[in-house]
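Both complexes shown next keep chain A, but they swap its partner, so chain B is in the first and chain C is in the second.
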Partner chain A sequence: MVKALVDRDSCRGYGNCLIAAPSVFDVDDDGLVVLLKDDVSEDELSAVERATYDCPTNSITIESDEAAEK
Partner chain B sequence: MSDPGVVIVGGGLAGARTAQALRSRGFAEPIRIVAGEDAWPYDRPPLSKEFLAGEVGEEDICLLSADACAELDIELMRGQRAASLDLDRRELLLADGVRVPFNQLVVATGAAPRTLPQLDGLGNVFTLRDVGDARALRDAFASKPRVLIVGGGFIGLEAACAAHARGCRVTVIEASAQPMSAVLGAKLGKTIGEWHESHGVRLLRERSVTHAETDGETLRVTLSDDATITADVVVLAVGVRAEVDWLSGTALHSEDGVPCDINGRTVVEGVFAAGDVARPRVHGRSVRLGHWTPANDMARRVAGVLSGAEDDERELDDYFWSDQFGARLQLVGSIDEDSELVVETGAIEDSSFVASCHVEGKPSAVFAMNRPRDFLRARLAMQAVTA
Partner chain C sequence: MGTNTLELPEGIAGSPAQDRIGAGDALQSPVSPSVVDVSNFADPEQLERELRLLFPKCWLPACPIADVAEPGDYTVWEQLDESVVIARTDEGELAAFYNVCQHRGAKLANGTGHCATGSFKCPWHGLSYDLRGVVDHIPLRESFAPEQVEGLRAPAVRVHEWAGFVWLALSDEAPSFDDYLGAAKSEVDSYDFSRLETGYFRSWKIGANWKMVVDAFNEFWHVPFAHKDSLHGGLLWRDAALRVMKPHTSSMLPIRGRYEKALERNDFRKGVVNHTSIFPGTVYNCLPNNMHVTTAWPVAPRESVLVAWGLNLRPEDGGDEKWKERTDGEWDHFCRVIDEDVAILTDLGRLSRSRGYTRNIYNSAEGRITTFHEAVAEMTGAAAPRLVG
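Right after this comes the complex of A and B.
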């Protein structure tokens, strides 16, 4: 399992993450990123990678489980 | 002879992202970026927004640092301008005479601001494209000058906001009936124009520059209605032209940008185009998309083709945003002046709404002002319909 991490301080609400991976990301009424789930399934991984790449403010990172447990 | 690998001409978003996406796909051949500017690749949207307003600095907008280049084994040749291209020998010629061989080439030289002959050679006249321009303008705003902005497109209007935020008195002149109308059409353009006027910007519509003179400090600019405007700083925001001069004499050359498919393929085998210089077909039109998201999307597609992935057949993502006087403006698709604009949520008079355009029963554009969440719902729905 891997986790998606979001940085709401740097997020500017452009919304490309939601377009790339709508099952993992949403935005609040201010347009800022909200994480819908902590764990990313294997099926969702490529979409989350796309969201990471598509974010203009580099506010999304992907963390593998081993790193998360440390 | 060593493998020349991929050469990317242009160190902006499209160039940097192509290189990064190639490496993340495990592409193992050499990657070399030839960048015209001395700066390490940086993100351009903040230049006319937070950077110009003095809220962020150069360290905050870096796209590809020296460390990242070293880690990814990307060679960045900074301050090197492409002069011409020899497709027979598959070599790029630089302005200083150096020849750079390539297996595959990515054209990502972007665009350069247009200027006006009436203002050529006059001091205190600025364009806004690269970080040097933005730095100079940001410094010029510090003394709270009277600012005249020529051109009411999104760069001109964002510059107006930044200047206003710095305490400058701002006049914008726009040649057509409404600002932003080339992108948003006249009706939404009117809404945006009134938004600026309500925040203290003086907006003169259907006016252009006929003459300008300076006493060395202050500019006197004569308009098409014979009015004269006195300004300490003039910002030229009258659009851009594709940086294609170095391609002249090749099959790639076209004044309007390099024609290509949605995966960046040009008419020349092994040569791709991405970013503001590219002219792909989108929604049936061959058009240059001068925005962040399509440049990023094309870079990803080009990297995919170069690393052997299947073509991405989805429509290019032409999403565009702008921030003006605290309002987030967002558009996807293109607004057709002849089709009806339907307000889906909110109200135009409240400066908070989502509106859409439909052609043949399908959404062709969604625009939002200050409705980021509703906009994303509509953008997702539109993507589902047009996919």
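Right after this comes the complex of A and C.
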């Protein structure tokens, strides 16, 4: 399973993640990123990769289960 | 086609290491950050110097070769307060001449078409010019002094065909075409222009100095902000590898999902966006199966025109309905992206005489912009960009 991790401390609310992968990311009333789900499906992976790439503050990372277990 | 003769620039994946844009503090480009005074953009005298000292020394793209493909075909190019007729002679060569009757300055030709008679007749007093601009008939010739009309011709303009377009040089001060392009030539040359067809055209009037327009298209890190909706995650802006071939520059960006396959097949052009700026104001934006060729032209200190052509690689089978739908959609999308840049440029132009706007600061990801302004300064005597850091 793949997870998206977000860093709300570095997030500046640009919202690129929401546009690239609206099923995974949203922006809350504070204007910062929130995750809509824990696990990223295969269908969503490419969108999440684009969200990660386009985040101007590098606030998103993608973690696969193998990496998490280490 | 398919020969990988083009060297991969430093910084692109698979080439010598270089930090990705936005990933660290290191410079990603061979050019330092710099500062350029806004007077470069707003000063009417600077524009006059550019028109007098810069543009005549450059080769300028005028029209697609397809517009003047057959003997007798002609088109009129009009920019920079100039009007030039470009025509294909009966011998199959291209000729170009100033679109000005040598009697009293009337305009000889308009638009794009086919000159069936092989001559252009002045609408005012009927002087006749052949496809090379040489006068071949003068009504009331006997009423002119012989020395006025001996060998009369509209002055010729240097003309060259390359990369799908007809190029003009307005003076003898421009070097030979190949010398002018230098290393930039091979950036674009290796694409298959025998199958790239100009299917789309659009122009935008922009209320900003032409150099602001050039600047806007000479870097990629505005993409996640200005093109958040239209290009979300689609363009690998962090991986743009800059290349300086002053006064020309280029960026190469890998295409997600295609780059590795293209490298394996030894034709990396099928896996990259190659974005090459031909000085002063033209960009060849080359994708694997299509291209956009754009040029920014000055009109006034705070007015310019951006012209854009869309070229598509016609498939071997000639291209079906689905292909046409795809190319239509791609062009619409491209225009939408440009609309977003134009919106920003329009405001930029309005603010260019604000007391609050005195200079542009360019970072290392904007090295192509610094290089452009260095070249402009060298040719016009304007202050060069101040390199910092």
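The rule is short, and it goes like this: the second predicted complex is superposed on the first by the 70 of 70 C-alpha atoms of A that agree within 3 Å, B and C clash if a C-alpha of one lies under 4 Å from a C-alpha of the other, contacts with A are read in each partner's own complex, and residues count from 1 in each chain.
Throughout what follows, a contact is a pair of C-beta atoms (placed from the backbone, for glycine too) under 8 Å apart; a residue touches a chain by one contact, two chains touch by 3 or more.
Computed from a predicted model, the values in this text were never measured in an experiment.
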Touched partner set for A:S41, first chain B, second chain C, both or neither: neither
Partner chain(s) touched by A:T61 [first = chain B, second = chain C, both, neither]: neither
Partner chain(s) touched by A:I19 [first = chain B, second = chain C, both, neither]: both
First, second, both or neither for A:Y53, with chain B first and chain C second: both
Which of chain B and chain C A:V27 touches, first, second, both or neither: first
Those residues of chain A which chain B touches in one complex and chain C touches in the other: 14-16, 19, 49-50, 53-54, 56
In the complex with chain C, residue positions of chain A that touch it: 14-16, 19-20, 47, 49-51, 53-56, 58
Parts of chain A lying in touch with chain B, wherever the complex brings them together: 13-16, 18-19, 22, 27-31, 49-50, 53-54, 56
Residues of chain C defined as touching chain A within the complex: 22-23, 224-225, 228-229, 232-234, 236, 238, 256
Residue ranges of chain B touching chain A (in the complex, touch as defined): 17, 20-21, 24, 43, 45, 292-293, 296-297, 300, 317, 319, 321, 328, 330, 372-373, 375-376, 379-380, 383
